[in-house]
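In the two complexes that follow, chain A is the common piece, with chain B as its partner first and chain C second.
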Partner chain A sequence: MGSAYLINLAFNGVILGLIVALAALSITLVFGIARFPNAATGDVATVGAFAGLAVTATGGGTAAILGFGVLTAAGLSLLFYLILFRGLADKPPVASLIASIGLAFFVRAVLTFFVGHNQQVYPLPIVRAVPFGPLRVQPTDLQVIAVAVLALAAVFALLHLTAIGRRMRAVADNPDLARASGIAATRVLVVMWLCAGALAGVSGTLLGIKTVVSPEMGWDLLMPAFAATILGTIGNPVGAVLGGLLIGLAQELSTPIVGFTYKIGVGFLVLLLMLLVRPQGLFAGNALVR
Partner chain B sequence: MYRAIRTAALASLLTSVAAVAVTVPAAAADKTFSVGALNPVSGAGGTYGTGMQKAIILAAEEINAAGGACGTRIAVVAEDTQTSPEAAVLAAKKLVEVNKVQVVMGTWSSGVTLAVMPITTAAGVPLMNTSGAPAISTEDKEDLVWRFQATNGRFGQAFSEIAALRGFQRPATMAYNNASGLGNTEGFEQAWTARGGRLVSKVVYEPKQASYRSELQQILAANPDVVVMGSYLPDTTIILREWFQSGENPDLKWIIPGWAANEKLVEALGPEVTAGIIAVDSISNENAPSYARFGEAYARATGEPAGANVYAAMTYDMMILWGLAMQASCPDLAPRAINARLRAVDDPTGEAVYGFAEGKAALEAGKTINYEGASSQLALDEYGDVTPDFSLSVITDGKIVRERVVSLGVK
Partner chain C sequence: MSTAELAVTGVQKRFGGVTVLDGVEFSCPADGLSGMIGPNGAGKSTLFAIITGFQAGDEGRIRFAGRDVTGLSAVERVHLGLGRTFQVPREFGSLSVRENLMAAAPGQSGENLLAAFLHPGRVRAEEAAIRERADAWLAFLNLAQVADTPAGRLSGGQRKLLELGRVLMLEPKMILLDEPFAGVNPVLIGEIAGRIRELSARGIGFLIVEHNLAALAALVNHMFVIDRGRLLAEGAPAAVLADPAVREAYMGGAA
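Presenting the complex of A and B:
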């Protein structure tokens, strides 16, 4: 077991972690501002992946897949806000949570009805890996890294460099105070849901590029994404990203010791230990989207 | 999806017909023996269930046309499992308690078979199935359950046979972490080490991962010449793509069960990645006269070739074998007595027979017989599981080309 082996494992962990981190960031944005854990995140990601598949029928490449997937997911996310979550905003958060679970099942059932259970793949060329020293890097992995980093950078730029981002953080920090200062909650929420949907869409299409597209893919992504969200303190965007990376790395790097069947358990063990030692998550203190 | 709906509609139509006992015309006999045909006419198994039921009736007609078994004609009572354990349990209770059937045949999915087993066994009624789960063998404490489909372990033995045929020296295994995946690779390991071979590496992986690179890395590091898989389609797609992308061990060969190495896999990965993959599937007893006779009757009754439904040949064999066992057990026609004679009419030292009339004549002449079925040579083992043939196909230019048939030796 040389260092090359471990470096490759760590690299795999980073790729895995980035995809989880994107979904976790989507969950944490919704939680920070709309104040409920959105269980439909995974299925919005699935719809994004299938929208990407629709583009490939007309000859679209990676950029078209990502673009259309992200737009569709963002649009769907906004639609859900307008027809469902807006009406539930005054109710206790559990109402929105239950509604999002129902929505998740509904989306999957509709999708399954039209596309069936069979797997589909993006018809992208299969390209050989390039060795970087001990590391074998596949071109798709570079794409995953580039797209994920760009998406994360865009979200953080939006949050910290724009006026609407400042308002979002204000609402996340103290909704009453934000309203008292004249911040229009609806505009903030519209931007937030678009953002959350787009992130889910990026996560879904990247997962589709790396694996296969199936109606269950997003739901399967939800559990690790929730774990990453909690690990990095619910509502904290930086925490969600680092939480995702940490879980990915812990899973892959533990395999020489615990083997492959228990690596998923290791991800959750990290979460469990952290909750015992520091129940508020890694990045509490300066909580939420601020 | 549309097909599923259509099948379900068709199935509900059929079940309303099937709920009435199907009477098979009697020949010379006046006594009757009730057989329960419990098949997946609707639900996920709907594609096969109707044909399976038809095959049981065809076999019963063949027995009755030959004067019945032990002077007794067969009456088939048909029921639908809906491919659901709950519905199957209700149907089995009805068959056993209301219709008083003395044998139940033709359950399809493992979940259904495992749910029905306790009911039939408690009533002392044998159950014949086409399921794959290893647990069926171990749960069958009274030797009342018979399996006409290849177990996952048998697939593993076929993999070992094929690896030896191809002269591989350094196999590694990768298994999806469930009973079926592990059954395949453990069956392979057992048979391979029994030949004096050894594995260079093995990995059991979790389903639904975004990547299997770490798993592959461990396998490839051991430099195997073939990887034997116990896998399903989605994970196989991801693993093969990642292997090809890695560029490592480009000459590596793969032995993959037929349900994962199929047209969908080629469609997903293209001809270059899938070139040379060895696909293994269990097949009917294609060269036997029993298969020819069954195929002709089946095509006449359903308008479809027998090759379109491998399970129909299995249920046909259930009825014929049971009829022969009745004949051998004559005059004692208690279910347990007949059950105890099933291996006796499938005796490897006996005279090979390919149909009911032929077998009945041989039994009446005082001979020991070996029924060679339409689905397989049968050769029921100590668990009551059959030993079918397998096809070895190689994916060439994006086509799945059958190369040969592999028969496992009978112990």
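Presenting the complex of A and C:
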């Protein structure tokens, strides 16, 4: 008890924080480049998680869950851009926001129709937790951390080390100037939506591995992810990741005080205080993508 | 007339009930050094936006380098070699100065994720070539020492030079400059004008909108005067500036 309990909570907070960070980075990429808060992010994550569940029926393990979940989410994200958000690009951002909320409800309704409301788990082998001093570590926890960190690193490498990443940052920074620089927005948007969908897919499948798979999981993930996005200054990728970690830690570490049921509210308390004190977020002024 | 020119015919633009451009017609050589003047509200900025595809005209055609570009997007016109800068200098503030130039380089296979995976060697060689080209232009524009600085931290004058550098990465045939001397100190005006002359000698054409008439007249070979959405006069700078109709437009004609 005591410090050991807190250390275990903090460890859990980091894991959940990374999962929230993945979704938050997805939201912040879409906001930075397509310029609206995408409320369908969580439900794309859910579809990714269920796609992962589908491959377990054919005997797939963790790698298959992740691979298929991420590909499905990325494809779905691109599809939504092509059939919905591309047509709304010239309208005010609120049109895309409302459309994304409708899309979120639609995806969840369709999913629920086919799979029902029940919570399900990936049939992965149960492995004994390994103690590291006071910390009890599940081997799957280490996998989750490794995959999340790799996925986040891959996105930052894409943004900062590749030509398309440079162009994504350019479009996020100043769309008109990007046009005058001969940068075709469509190509940038296709890559961005694939990227945002893949991030949501990683987030959803990892959440499924860590907890359970249910049609509501993505919507429940969306709220802390939005909080993390705003906390880290909306449009700022580094801020989204740090915001996710903060929200994850705050939620887990508050469990002894507020109990399991209300820990989800702590993220919003943090967000509320943030909006009152520093509405531009923690990392305004050195945004990588504005 | 040669085909290597920018030709504007019968361009009209109305915003609500206000006619901003009322049948503008002119043509200038795509490798020449031309200026465009006119009182505030004459429609120069709108004309620039229509020529470069940032706005659509209500009527009229734009031809560039032997092609009718009227229906093309801004990005397509850029790729045909028609570059532009903005009146208030713009930059990708969060990107480094070098990245600002590199982002504008055309034909990057590193843009194609599949190519990046399939031919990493070729993509890397291209990146190196683009970087080299960016550094060459930065040296030309005297910006080499700020190559790694975020563009948002540059001074006003450096921003004007950066805009020129970004456009030069596009390998333009012709550049439309929107008030390159506005808010720039006289020393830097001399430097910017010097760079423009040198680029012109290398065969790049310019059409320059500018309110600093003395600096513009000293730079260009040919001048167009726009007033109330029409071409009022054109010719050698000295002759145009001496034209009574032009003086009238500037002194008394501004509606």
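Rule of thumb we're sticking to: the second predicted complex is superposed on the first by the 278 of 290 C-alpha atoms of A that agree within 3 Å, B and C clash if a C-alpha of one lies under 4 Å from a C-alpha of the other, contacts with A are read in each partner's own complex, and residues count from 1 in each chain.
We take it that a contact is a pair of C-beta atoms (placed from the backbone, for glycine too) under 8 Å apart; a residue touches a chain by one contact, two chains touch by 3 or more.
Only a predicted model underlies this, so the values are computations on that prediction, with no experimental measurement involved.
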* Asked: Does the superposition put A:I19 against chain B (first), chain C (second), both, or neither?
  -> first
* To do: Mind working out whether A:R128 is in touch with chain B, chain C, both or neither, as first, second, both or neither?
  => first
* Asked: Regarding the shared-chain residue A:L271, is it in contact with chain B (first), chain C (second), both, or neither?
  -> neither
* Considering only the touch criterion stated at the top, classify A:I247 as touching first (chain B), second (chain C), both, or neither. => neither
* Which superposed partner A:D220 touches (first chain B, second chain C, both, neither) -> first
* Who does A:A170 touch here: chain B (first), chain C (second), both, or neither? -> second
* Asked: Regarding the shared-chain residue A:T255, is it in contact with chain B (first), chain C (second), both, or neither?
  -> first
* In the overlay, answer first, second, both or neither for which of chain B and chain C A:T211 touches. => first
* Asked: Looking at chain A, which partner touches more of its residues: chain C or chain B?
  -> B
* Residues of chain A touching chain B in the complex -> 5, 8-9, 12, 15-16, 19, 112-116, 118-121, 126-129, 136, 138, 140, 207, 210-212, 214, 216, 220-221, 252, 255, 259-261, 263-264
* Of chain C, residues touching chain A in the complex -> 52, 54, 73-75, 78-79, 83-86, 90-95, 99-100, 102-104, 106, 108-113, 116, 123, 126-127, 130, 166-167, 169-170
* chain A residues within the chain C interface of the complex -> 162-164, 166-167, 169-170, 173-174, 176-185, 187, 191, 287-290
* Inside the complex, what are the residues of chain B that reach chain A? -> 1, 177, 203-206, 208, 210-211, 213-215, 217-218, 221, 233-234, 237-238, 241-242, 244-248, 264, 268-270, 272-273
